[in-house]
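One chain, subunit A, links the two complexes that follow: it is found with subunit B in the first and with subunit C in the second.
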Partner chain A sequence: MNDENETFDLDVLREMFRSEAYDLLSELESALLALEASPGDKEIISRVFRALHTIKGSGGACGFEAIAHFAHEVESVYDAIRNDKMAVTREIINLTLAARDQIAALFDEAYKKMPAESEVTQQIIDRFKSVLPEGVAPKVKKPAEAVSAAEEPQETYRIRFRPARNIFLTGTDPQLLLDELRTFGTCRVVAQLDDIPSLEKLDPELCYIYWDVILTTSRGLNAIKDVFIFVQDTCELSIEPIDIEGVLSEEHGYKKLGEILVERGDLSPVDIQEIMSKQKRIGEILVENGLVNNDRVEAALTEQQHVRDLRKNRQKSEEITSIRVQSEKLDKLVDLVGELVTVQARLTQVATEGTSALLMSISEEVERLTAELRDNTMSIRMLPIGTIFNTFKRVVRDVSQNLGKSVDLVLRCADTELDKSVIEKLHDPLVHIIRNCIDHGIEMPDERVARNKPRKGTILLSSAQTGSQVHIRIEDDGAGMDLDAIRRKAVEKGMIPKDAEPSERELIALVMLPGFSTASKVTDVSGRGVGMDVVKQAIEALRGTIEITSRRGEGTAITMTLPLTLAIIDGFLTRIGDDHFVFPLSLVDECVELNAAQSEKMGDRDLLNVRGEIVPYIKLRHRFGIQGERPAIEQVVIAKVNDFRVGFVVDHVVGGHQTVIKNLGKMYKGVDGVSGATILGNGSVALILDVPKLIQTVEREESWS
Partner chain B sequence: MALTSITETTQFLTFKLGDEVFALDITKVREVLDFTTVTKMPRTPEFMRGVINLRGSVVPVIDLRLKFGMTKTESSVNTCIIITEVTVDGDTTILGALADSVQEVLDLEPGSIAAAPKIGTKLKTEFIKGMGKRDDRFIIILDVDKVFSTDELAMVKPEESSGAS
Partner chain C sequence: MADIHSSNKNGREVLTVSGALTVKHAKALKAALLKAVQNAPAVEVDVDTVVDIDVTFAQLVCSAHRMAADLNKQMTITGIEQERLSLMLGRFGFFRHIGCNDSTMKSCLWAYCQKTS
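The block that comes next holds the complex of A and B.
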């Protein structure tokens, strides 16, 4: 391989590592936060260690020496913790979080060409060194330095290592792995040769051999796993303790012999099963001999089953079988599906107009498949919203520590799924809201106690799905909004006239206008006057709505309602004159007829009586200035936005329509009432209505006139 | 500024609005379409005729006649939509311009292009890159980027900004 080739490979490798790197960083962060909650949990400590170790290893393999070196220093600390040489303290977690940020900065430097401050790295390392106890030097850990056998219990493991056939192609030499194992303690390696084919079929670039290793060591299971950390995804690896002082031996002990024999090929699995069925289980023997009674055995078995299930679950959640795909490829796929949906609409139209029954049935089949394909494609892009919820734990922790407040973040229903692009765009608004909650909402601990509230404030972040919409709710149990202060401020800024009597809802809505901030002092965290208006814009750009409710002294709740996806929606097609308009189906509540007599009865007012309920309506024909005769019977599409029902008068209702959303582009960006366009089966363009915006504009215009 | 921008022989697409002949730099033209149904956008100025479906993309269409103070373009067999690539605020966008008819592709030497007169064209001077001479006729060479600049199209805004937040 020449040099050029090598650099090329390194670049490819780095690019492949890119998303993994950021995943590892977020895994590290969530593990650290979990560790803070339960500092003694061994499992979490090894999660931290594993993340650091992989960053070190993969980073090093991709040529990020600085990152690898740094991660190594941090990892040493966790190695000490893992081996009970030191305890987890808040300081260590703070330091490690800082280290995580620095590693992120180093990755950013490499990938996004953003310079990272190199001296920070050294500072963090120095501080780590200062917290390390004597004798645990964060130096390169040599195998020979392994803790002496006298102190630590010796454990024996059976390891079967069957590398992937193409292991040599990845540049790994299994021999080196085995050599590393040998340094751990007494070790017997048996190479299993039964997979080697005859000479003419043998490909010298493949690895046919697998190994059984019996290893007695004091280094522990983790150390053994670490040896295989880079190959574990591709190889078949089983590490089983066969002689350990402690609990494990009993659980695994009874099937030891049979397994060994089967492995050695002395017995076939069938034979052993036959024998085993004749043999009595240990529990039965115990009961027969009167050593324990039946119930106790049952209880023990239940416990065993429980632990097994638990382990299985844990394993399942850790290894989600997945493949990594570049998001651009997915975007392209969604585009293509969008075009397919458009073509399918045309096909359906042609089929309906024609007389061929055969064409009709084909068209129906295509329609069904397209809908399925669409749903599947969309679901590929769906991510549980928990993926961003977790990053907020860090935000809450940092901000509340900064402000000297004590805040708990409670997450509920974090498995609601949302389109990836929506989730990404939600991050900043949510961070902003959460910062606001902590800064303005939650009071100082003493103040809270004085008000008979628990010292610790709570922010509840929950999500739920209804139909094609997702609701995200952020609630705090803080001070709530000061309506009088909002009113004063609004008058002061000339946003409302002095003598206006705005309702509570209107007052709260003012908070989301640009340039509004009631915090008397501008803090580092919030209160710079850019805030809720930016949040509102961001949410509206996602075709969502946002609503705030607040009770003085009890807290504030912010509810965001968002569409599941941005690319394709279920629409409701209507017609006015020759123009077609699409309502997002999720907003449509019902349709009623409007005949001339009925509208006359109400006189001049645009109000409709729907089963006793008064529903205001907007005449779209009038609003959009569409020429032509109104039909005798018009249709009213009643939409529901934030529990507020408004009718929209159209000429005809066409029906449901799979709507591929097309951007209107720069030219028509500011057009109010229209959020996009879509292409109909006959090739003409229909406009997608921005219902909440329409209602808002009309509301505002009427309140001013 | 207008004249200096044309220093070598350039190809232009000429088209008619009423009796007048206009020209666009051919590198700005993507394709020419027959007139199709244009979907009107509500509450926008009349010269912005609406949007069309260009093989799956939604493309805005502008009525140049209205933009230049003439009467609205009436659809006839010769009516065309010239799809142009316009650079607006540094971004390239695709726009359609309505023309009564498309004439030809024309080579013009820098020598046969004169600066735009300050008065007499009834158009904003900055819309005009230059005046081409062809036989006895004048051809108005348009600067599409200027005609379709956001300032020009932002005429939608004043109507709205009263209500926009």
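The block that comes next holds the complex of A and C.
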């Protein structure tokens, strides 16, 4: 293979590793946060170790040497922790989180060409070294070794190690040999105690114990033998392979207890035959009959459990098969499906207008298949919202620590699915809201206790789906909004007249206006008067809405309502003159007729009486400057935004329409009230209305006039 | 450095041991255990302040426990449940579901040790 090909292969490998790298970082972060809550939990320590180990191994294989070596240094610390040579402390967690961020920065540098501060790596390594206890020499393999080991199949060995009685007197501790075996892989050790004599006869400086070990490793037989190299002439040692990945693992279970004991030579086949005729548990029967003691049974059961677990896990990992696909390829697929939906609409129109029954039948079949293809493609892009929810745990931890507050983040219904692109765009607004909750909402611990609240504040992040919409709610049990302060600030800034009597809802809505902040001091976290307006804009750009409710002393709840997807929506098609407009169907409440007499009746104010309810309306013909004759009876599409009903006058209602959303391009970026366009079956373009924005624009114009 | 202190509590011989119970101090521990098991109707070994153990400690205590059971005497161990010691015993492979012979079947001292892998 020439150099060019090698470079190409490495690039392909790196690209394949890309999303896995960020997944591993995410797993590392959540494991570290879990470890902070339960510092002694061995399983979580192993999770951290595994994540670092894979970053090291796979990173090294992809040529990210700096990352592999950095991960190796951090992994060494966790090797010492899992071997009980040091404890998990807050400092270790902080350092590891900093290391995780630095690894992320190094990956960003490699993938996104964003420069990372290379000196930070060494600073973190130095700080880790300073917290390692003296004499702790980590035994993890260097990155290159780790890579080659990861490629080899895993084998399981049954080892019986009976050291010489005088092993302690030779200065060798058998425990150290067993500890070394543990570093090879998954290892279970059972001490055999049947040779221990009675206390009077026992020489306390001799070793009467021998061990049965079940070890799963990719290191090979010779490496295991090497562990015992200095004692091999004086000890009894047997090493037998009992399970080899891909060779001896056809069955998913493992041998029965009797089979293991016979195989080990602890029991004869004749004895097992005789005992099997009795209908008791094999282990009990064998012990009762004095054929083996409990320790032998314990060792055999341990082996059985070990290999069964191993095979079960292997089977599980084989069952969950998936492939990683670049998101750009997925976006392209969605674009193509969008085109197909448009063409299918044209086909349906042509078939409907024509007289061919055959064409009609083909068109219906294409329509059915297209709908199925569309739904399947869209579902590929759906991700559980929990994928971003989990990243907020770190935000909550860091911000609350920074402010000296104590805050718990509770996640609920994190499996609600949303389109990948919506999820990505939600991250920043949610981070801002959570930071605000901690900074402005949750009180200091002493203050909370004084108010008879738990010392620890809670932020509840939940999601739910209704129809084609997802509701995300962020709720805190903090101080709630100070409506008087909001009112004073609004008057001070000239946002409302001094004598105005705004409702609670209107006051809260002021918080989302540009430049509004009631924070008495500016912190690193929030209070600079930018933020909630940006959050609102971001949510509206996703065709969503945001609503805040707050109760003084009890807390604040922010609810975002978002469409499931940004690519294809259920639309409601209308027509004005020769132009078509699409309303997002999720916002449409009802349609009513508007005759000339009715509209005159209401005079200059564009209000409509709908079964006794006064509904303001907007004339879209006027709004978009469309010339031509108005029909005698116009239609009003009534949309509901944040429980507020507004009518939109159009000439004709066409009906439901599968709307493939197309961007309008940079030229039309600043056009208020239109969020995109779609191509209709006849090839013409329809504008998709940004209903909340239209209402806001009209409200603003009316207040100015 | 290990320290072995003997006292009597409600008729039980309490051996309070502290420091490092390793091969260096195995002879002293054996002597103390033997004396206690032979002479007292019940023995309690308190390892609450023990900082280190090795295999010699585990086999000594096992042997003493069997001897006590054979003599129909009660022997218990306190402080062994602390995570540091139980993890060490788990590493030595001393976790058990039941005792090693008929007399210690129900009273195995290592029943609470953690399996480590």
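Brief remarks on what is shown
Keep in mind that, in the parts below, the second predicted complex is superposed on the first by the 472 of 705 C-alpha atoms of A that agree within 3 Å, B and C clash if a C-alpha of one lies under 4 Å from a C-alpha of the other, contacts with A are read in each partner's own complex, and residues count from 1 in each chain.
Just so we're on the same page, a contact is a pair of C-beta atoms (placed from the backbone, for glycine too) under 8 Å apart; a residue touches a chain by one contact, two chains touch by 3 or more.
Computed from a predicted structure; not experimentally measured.
Once the two complexes are overlaid on the shared chain, A:Val189 sits against subunit C while remaining clear of subunit B. In the superposition on chain A, contact of A:Glu501 is made with neither subunit B nor subunit C.
Look at A:Leu178: by the touch rule set out above, it reaches subunit C but stays clear of subunit B. In the superposition on chain A, A:Trp211 makes contact with subunit C only, while subunit B stays out of contact range.
Applying the stated contact rule after C-alpha superposition, one finds that A:Arg700 touches subunit B and leaves subunit C untouched. When the two structures are aligned on the shared chain, A:Ala686 is found in touch with subunit B, with no touch to subunit C. Legend: residue contacts after superposition of the two complexes on their common chain; A:Glu492 is shown touching neither subunit B nor subunit C. The residues of subunit A shared by its contacts with subunit B and with subunit C come to none at all. Residue ranges on subunit A touching subunit B, taken from their complex, read 339, 342, 513-514, 533, 579-580, 623-626, 662-668, 670-674, 677, 679, 683-687, 697, 700-701.
On the subunit B side of its complex with subunit A, the touching residues are 37, 39-44, 48, 50-53, 56-58, 60, 88-89, 91, 93-95, 150, 153, 156-157, 160, 163-165.
Residues of subunit C that touch subunit A in their complex: 23, 26-27, 29-30, 33-34, 37, 54-56, 58-60, 62-64, 66-67, 70, 83-84, 87-88, 91-101, 105, 115-117.
Contacts from subunit A toward subunit C in the complex involve residues 40, 42, 84, 168, 173-175, 178-179, 182, 186-191, 193-194, 196-200, 202, 204-205, 207-209, 211-213, 293-295, 298.
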